[in-house]
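In order of appearance the chains are A, B, C, D, E and F, and numbering begins at 1 in each one.
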Amino acid sequence: MSRPSGRTPDQLRTVTIERGFTKHAEGSVLVSFGDTRVLCNATVEERGPSWKKDGGGWVTAEYGMLPRATNDRNRREAAQGKQSGRTQEIQRLIGRSLRAAVDLNALAGYTITLDCDVLQADGGTRTAAITGAYVAMVDAIEVLKKRGKLKGNPIHGQIAAVSVGIYNGAPVLDLDYAEDSACECDMNVVMNEAGGFIEVQGTAEGHAFRREELDELLNLATTGIQQLLQAQREALGK
Amino acid sequence: MSRPSGRTPDQLRTVTIERGFTKHAEGSVLVSFGDTRVLCNATVEERGPSWKKDGGGWVTAEYGMLPRATNDRNRREAAQGKQSGRTQEIQRLIGRSLRAAVDLNALAGYTITLDCDVLQADGGTRTAAITGAYVAMVDAIEVLKKRGKLKGNPIHGQIAAVSVGIYNGAPVLDLDYAEDSACECDMNVVMNEAGGFIEVQGTAEGHAFRREELDELLNLATTGIQQLLQAQREALGK
Amino acid sequence: MSRPSGRTPDQLRTVTIERGFTKHAEGSVLVSFGDTRVLCNATVEERGPSWKKDGGGWVTAEYGMLPRATNDRNRREAAQGKQSGRTQEIQRLIGRSLRAAVDLNALAGYTITLDCDVLQADGGTRTAAITGAYVAMVDAIEVLKKRGKLKGNPIHGQIAAVSVGIYNGAPVLDLDYAEDSACECDMNVVMNEAGGFIEVQGTAEGHAFRREELDELLNLATTGIQQLLQAQREALGK
Amino acid sequence: MSRPSGRTPDQLRTVTIERGFTKHAEGSVLVSFGDTRVLCNATVEERGPSWKKDGGGWVTAEYGMLPRATNDRNRREAAQGKQSGRTQEIQRLIGRSLRAAVDLNALAGYTITLDCDVLQADGGTRTAAITGAYVAMVDAIEVLKKRGKLKGNPIHGQIAAVSVGIYNGAPVLDLDYAEDSACECDMNVVMNEAGGFIEVQGTAEGHAFRREELDELLNLATTGIQQLLQAQREALGK
Amino acid sequence: MSRPSGRTPDQLRTVTIERGFTKHAEGSVLVSFGDTRVLCNATVEERGPSWKKDGGGWVTAEYGMLPRATNDRNRREAAQGKQSGRTQEIQRLIGRSLRAAVDLNALAGYTITLDCDVLQADGGTRTAAITGAYVAMVDAIEVLKKRGKLKGNPIHGQIAAVSVGIYNGAPVLDLDYAEDSACECDMNVVMNEAGGFIEVQGTAEGHAFRREELDELLNLATTGIQQLLQAQREALGK
Amino acid sequence: MSRPSGRTPDQLRTVTIERGFTKHAEGSVLVSFGDTRVLCNATVEERGPSWKKDGGGWVTAEYGMLPRATNDRNRREAAQGKQSGRTQEIQRLIGRSLRAAVDLNALAGYTITLDCDVLQADGGTRTAAITGAYVAMVDAIEVLKKRGKLKGNPIHGQIAAVSVGIYNGAPVLDLDYAEDSACECDMNVVMNEAGGFIEVQGTAEGHAFRREELDELLNLATTGIQQLLQAQREALGK
């Protein structure tokens, strides 16, 4: 078996994390997993979520894809008048994942919104988005800290995400579009720096995962995420 | 640790699967997991999916919850003018899960729609829906077979679903609402009769799963699903 | 002339009114007019209607039909993003009818919403809904009374509804679907226990009602509604 | 008892029916019932209704109210992104009423749309709309006849509509806004030239109609509609 | 070159401005530019715009076209569930133009909405709407003044609008539909009584304007608008 | 008078035009006017516009702004369920402008869609979008030519756009956000390489343009656009 890109089964694509990509956002990161490029902008607003009774802050995400980020043009969701089920599913995933790294009580009075917009898609947009959005969120919270607005440190963990799947019968890490579209089962995994699992979303329309395959995929994901966490730390200068 | 319902950690709620609940649908199942009751109606339509090039048939699902299925009234989605992200996520999950049990080529020319409407909610509505919708789908395909419309048998597997989670620090099977709302991480698992995993969706907003917890939860799910598959077979008279 | 069901012209279908059908709602009634089954859930909310200046409470209704309540599947309104004109017309009718039995001033500070969802349709869903929703509303108000929240008794009347129409040239009571779809003119009538008319909605696309036919139909409706009012009282244990 | 306008109980407001009000429509009628003014434009399109299997034509209606047709400004439905339940109810009523005067088979291949837009409202807009739209429809069908497009005559009846209600305890004909807003029960009646009832829609939120009141209201409506039918004939030069 | 209507290049169509066309609105003007007829209703509401920080009032506009105002029927925007881009562009233009004649601070606490609804279209509906809406706005502000609600005079200018374009190679004033649909470039011009330009919107899909053509068109517009301003003053009795 | 940026009145910001910014689109240009950055992707689809009777092709545009392209976050239009009036106005402007440079008959059977998405906004996004989209469109048509799909050359002109306005009493070229937000009147001008005006959109909410100011602004725009046309030619290697 060989991967279309010539990578080894446990090899990530080239990952880059560019901070300060745009000038207005409190955090602005262009993340690339190979040819997948996602712009992650973090916005800080001085308002807590009105529906939340406990007084804490909030972290949420929105996801979008430019119409021609993909090989064929997708219809613009704003023009269609609604977000697809896929879009909503992804933005809920990003938001939940990021909240798992944050102490919302320490963010009291603030809402951070992560806008993850895919400029170019080549598989794995949601995992790239989570990985980049984490860095943008850290930058945004740093701005709040510098303004003296926060007492404690809302960041209590580090998270990153990667996809894994069975391609041509073998488990592989970080699927690109050529692999993703040919593969019958894949899994998105979000983990923290302590090796804990935040989200595990495996889907098999064709071939069901055997338990040992599942175990191998989780191992691959664990390895890949350690490298992504390292890339985040380097980007943040830590 | 004790569960609010007094169940043991690996104990399902009482499960009932009542076929023929309404008279119009080709398959109509009222499934109960304890106080969670979902009406699963299968509709057969003589039209293939227009967007599908390969000529095969299609299986899809829609999910809804009556406004007062829950403790507080939810706003009616039809009145709000859109389905929530949660609803779309669930109905996409149900559809994918059911398609994993079906040979779509053998369904050529037909679309089966599973309407899963929650009459009463007490946790686990999506797993009950999948488990009940499978039986409704089998009944609907049986109708097609009796009409002599199909050559082969589109059903090539059996699937069921259950939730698992960490409650009060311990892994438990089939969470009810009291457990679900107090629990910091839970997982929905869909499996087939061969022990293969169709969907694994674990979410941890608060406490990240450790790998060994993940393993235990998958074990619990495997046990529970075997009982659900058995309940389906009994309901179908097999 | 004979009716498809073999009923006499002035014969209702079997009517059942089952209270406590679901557990969360303050009032929950499953009403059946023959094969027509409607779940009527009453929700009490501690908020008056903001647009109402006089300080009184409010009673309103929403109506829905499960997609496969009917012989052919109807598209789900939540998925289409709007309620049809027919749905809105019916829910406005149910709300108006119920308010005719209630002293809204005695409900000050409260809104009662009646969700009427058709599980199975066989003609007459709106009249069944009104008849069942009345009982659910009484149960919900009883809950408020027991909580000591009300001073007076908001219920000042009893109402029920039935359809009548000309089938095969003769006036008949309580049309089922076979009659309804073949009939060129029908009328929905809502009355109170004093014999007063709350709503009279007669529609003739094909054959216009002659005045004497109209008179006969009103007589039939009056007879039928007396039986329905009696069935409500029995269900309520009065 | 005296009416705010000084009219006798069985007196219509001044009714005018002006044909050819705008130049593009195949039929264009400005109808006035006192200060209520509705522009009824009939459009003929050379397309049958696609959903109709029997090959006949179709007559349908749409209803709108200019935002400031009323004493307080109503929000524009186009800006709100949907038509209210009231609007849909009224346009369904207008369409059904007009179809009762038409042989749809004789209209095969054509759809006639009646746009009824209220320029100024003072009670009774729906009955004025029906009465005016009938005349616009006749003009539009005349255009089709002159083009030699029709074999038979699709018009097989004449219809008009009026409101009646109990005002200050007494039955009155053709309620204006002052009466309508003070009245607890009113009824819209559509009849044909043979004295047949096409639609009867009586609504009593406060005071239920007694049977003898209902009878008197139907008598009043019958009288009023005869005058309206005469006004239509005069407008049409018959 | 000759114009379809026989007008000279610098000749306006017959312009009429009829005040008090409907009875409810604070200002109600039916303006005609030839066969183009637009009803402009001004509504005064005692509420400032919530999003405006400076405390001033607001003037805004909404635009609509009756479905059969045009030669072919247009779909009703309320039924389609949204306003077209063209409609929004026009109503934004009307609102901006009117605000250029008003001191919003002197309107503090009030919002004036101009509803411009086209009853019949024959080219130039937006310029007729602006010209008529100005008069309706003046009437509405007069009502406020008479109620003693205003300290100063919010009207600090007079505005009117007209279209110009190149038809058959020559610049012409006030295009009707026959010219508009045949013309490759046209311009809408809004000016005030001091000869200042408020809006200049020139569009050339086919033939680009040469600079000297642009100059000639601006001259024509200036001439036409002087006549329109005079017609407004006469209508207002000044 | 001095400009916030220190530029002279007739000085453009630094303009860059980067082709091939993303890999999927037939034309992909990142255009910058100073800190304003717009990604313009051209998509070729092999379908003519269905509503067009003359058989020609079509060029259209869609416009969007990432939520945090601006100083404060704007709500995502896809999440709001509709495009604002401003967005629609701009995308109609871009489409019209580009069509003025194209022979649609030579594009028969093809539709080119220009997606202009603002990554970072600092004033003048619509003029940057037009200027960049022209280059993307040329690249896309080049792809079609190379595939041998076109007989003639659909490009019959070159267009670019710039804004001008009165800032601190003096006419200036290419307003940035600091100028734009302080300026009471501005104008967007689209011109072709022959000095013809395609679009002229001047708006004065506060201070009306005097005729001589208008003339000066048009002169400034003419100068600026010559430089932009030159920048386009250089980017295209001509």
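Here, a contact is a pair of C-beta atoms (placed from the backbone, for glycine too) under 8 Å apart; a residue touches a chain by one contact, two chains touch by 3 or more.
On a predicted model such as this, the values are computed, not experimentally measured, just so you know.
Undergrad: Common contacts of chain E and chain F?
TA: Where chain E and chain F might share a partner, there is none at all.
Undergrad: Starting from the Cα centroid of chain B, hunt down the chain whose centroid lies farthest away.
TA: E
Undergrad: Taking each chain's centre as the mean of its CA atoms, which one is most distant from chain F?
TA: C
Undergrad: How many angstrom between the C-alpha centroids of chain E and chain C?
TA: Computed value for the inter-centroid distance: 50 Å.
Undergrad: Where the centres are mean C-alpha positions, what is the separation of chain D from chain E, in Å?
TA: Inter-chain centre distance comes to 33 Å.
Undergrad: Just how far, in Å, is the C-alpha centre of chain F from the one of chain C?
TA: Spacing between the chain centres: roughly 59 Å.
Undergrad: Two or more other chains touching the same residue: where does that happen in chain E?
TA: Residue numbers touching two or more other chains: 81-82.
Undergrad: Applying the stated contact rule, could you write out the chains in ring order, opening with chain C and then chain D?
TA: Traversing the ring with chain C first and chain D second gives C, D, E, F, A, B.
Undergrad: Can you list the chain E residues touching chain F in their complex?
TA: Per the stated touch rule, the residues are 82, 85-86, 88-89, 91-92, 96, 99-100, 187, 191-192, 194-211, 214, 218, 222.
Undergrad: Within the complex, which stretch of chain A touches chain F?
TA: 22-25, 28, 35, 37, 39, 41, 43, 45, 62, 64, 66-71, 73, 76-83, 87, 113, 115, 117, 119-121
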